[in-house]
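Here come two complexes built around chain A, the first alongside chain B, the second alongside chain C.
Our next item is the complex of A and B:
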């Protein structure tokens, strides 16, 4: 099963459940409050997912490590390497 | 001397690590990366070979590689050049054919991947007998050097989107610093058709699809010291295309 099919499957299950409750498709005579809660639920879900995404990406950008130490170490080693290689007879 | 034993703790192991270095115009970087590889493999004592696959660089990379071979020996430095630029996937296939190790390490030759992490990769692999170990910039002490806010935002955003859509079971999909069991790399490379960034992503997504086990080691990625690194509109478009392709086909 490809990821696309997995997603389509997941979305249809959610949409089906939502439609069942919101429009009372099976005539379960659910209390009115159920339908009122279910009806705007997709919008709430989308908005919360959007907020979650923005927060996550923002947090990860803010905490992305700047490897200054690693860059310094590398610069030092490049110098060392160049000297050593010259001694070993490498013509750059 | 008692200290001699601890100096080369892994010399007796039967494992051998073949490092594939595809190069194109890396005359400046190649001697440095080879020097660092020799240094860290010398210290950790693991058995290794470096396979340089130069795609007909006009800047004389191959000539420098030949000098390095004289300095470090033909058993350690192998030259397997090709006539012209033919792409990363075929470079790996070409390199694997000549690799004598039971493990293969792929990395960039532009010094953005530091060989000091290789002993950690090897330990990680042994720890869980992983089929592949991937370096990750997004976890633990991993990180990047030389990226501005825009680049970080694109990178994190693209990574988040990919994680949500593909759930690949690995945190760094577009990185190309990895250790593979040789037969695992062979079977993956055969299946992967993408180019550029997407190639690395496809490798790890297919690895999960084939139920290979994946270990991760945090790495620091130091963006190109010599030469230029670009992330333009073209890269982003091809990344999105690749993501959609993988989404629909894996």
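Our next item is the complex of A and C:
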């Protein structure tokens, strides 16, 4: 069984459970509040995934390290390269 | 550590997404179990909007992405050379 088939199986089980609860397909007569909570579940999962992505991006932007030594070294190498090319005749 | 504006923007994104998640969770999951005459209901819109508003947000997001792509492609068009 391939991974795709496994995932599709898992997804269809979850979707079936959600449809059973929110549209009352087996006529289980669940309390109305449970149906009200279950019905927006796919949208809720999507919104929470979006919030998680936004929080991860924001956190990694805030904690991204500056590397001062590497920056200085890079500037020095840029200068060297410019000098070298100028000597060889390239107009900057 | 990143400095200045980077930290401010990053942390504000984190705080915003936490607030949004908490508000939406209470709206969708907790509110149906709360009595309809509780004062908490005053702070939340009717529940239909908990489906409509993310839908509108998704449409706006797709529109922005499409407009951005269109602008970039418009700027990069090269006129055909006439030989």
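Throughout what follows, the second predicted complex is superposed on the first by the 58 of 92 C-alpha atoms of A that agree within 3 Å, B and C clash if a C-alpha of one lies under 4 Å from a C-alpha of the other, contacts with A are read in each partner's own complex, and residues count from 1 in each chain.
One rule holds in what follows: a residue touches a chain if its C-beta (ideal position, glycine included) is under 8 Å from a C-beta of that chain, and two chains touch if they have at least 3 such contacts.
None of these values were measured; they are calculated from a predicted model.
Visitor: Looking at the overlay, what does A:61 touch: chain B (first), chain C (second), both, or neither?
Guide: After superposing on A, A:61 lies in contact with both chain B and chain C.
Visitor: Quick one: name whichever of chain B and chain C touches more residues of chain A.
Guide: The partner that reaches more residues of chain A in the superposed model: B.
Visitor: With both complexes overlaid on chain A, does A:36 touch chain B (first), chain C (second), both or neither?
Guide: second
Visitor: Which holds for A:46: it touches chain B only (first), chain C only (second), both, or neither?
Guide: In the superposed model, A:46 contacts chain C only, not chain B.
Visitor: Look at A:83 in the shared chain and tell me whether it touches chain B only, chain C only, both, or neither; answer first, second, both or neither.
Guide: It touches nothing on chain B or chain C.
Visitor: Considering only the touch criterion stated at the top, classify A:74 as touching first (chain B), second (chain C), both, or neither.
Guide: It touches chain B, and chain C stays clear.
Visitor: From the superposed pair, tell me which chain A residues show up as contacts to chain B and also as contacts to chain C.
Guide: After superposing on chain A, chain A residues 57, 60-61, 64-66 contact both chain B and chain C.
Visitor: Would you pull the chain A residues touching chain B in the complex into a rising list?
Guide: Chain A residues touching chain B: 2-4, 7, 53, 56-57, 60-61, 64-68, 70-71, 74-75, 77-78, 81-82, 84-85, 88-92.
Visitor: So in the complex, the part of chain B that touches chain A is made up of which residues?
Guide: Answer in residue numbers: 27-28, 31-32, 35-36, 64, 67-68, 71, 111, 114, 138, 141-147, 149, 152-153, 155-157, 160, 164-167, 220-222, 225, 246-250.
Visitor: Chain A touches which residues of chain C in the complex?
Guide: 1-3, 6-7, 9-14, 16-18, 20-21, 24-25, 28-29, 32-33, 47, 50-51, 54
Visitor: Which of the residues in chain A come into contact with chain C in the complex?
Guide: Result: residues 33, 36-37, 40, 43-44, 46-48, 51-52, 54-55, 57-66 of chain A touch chain C.
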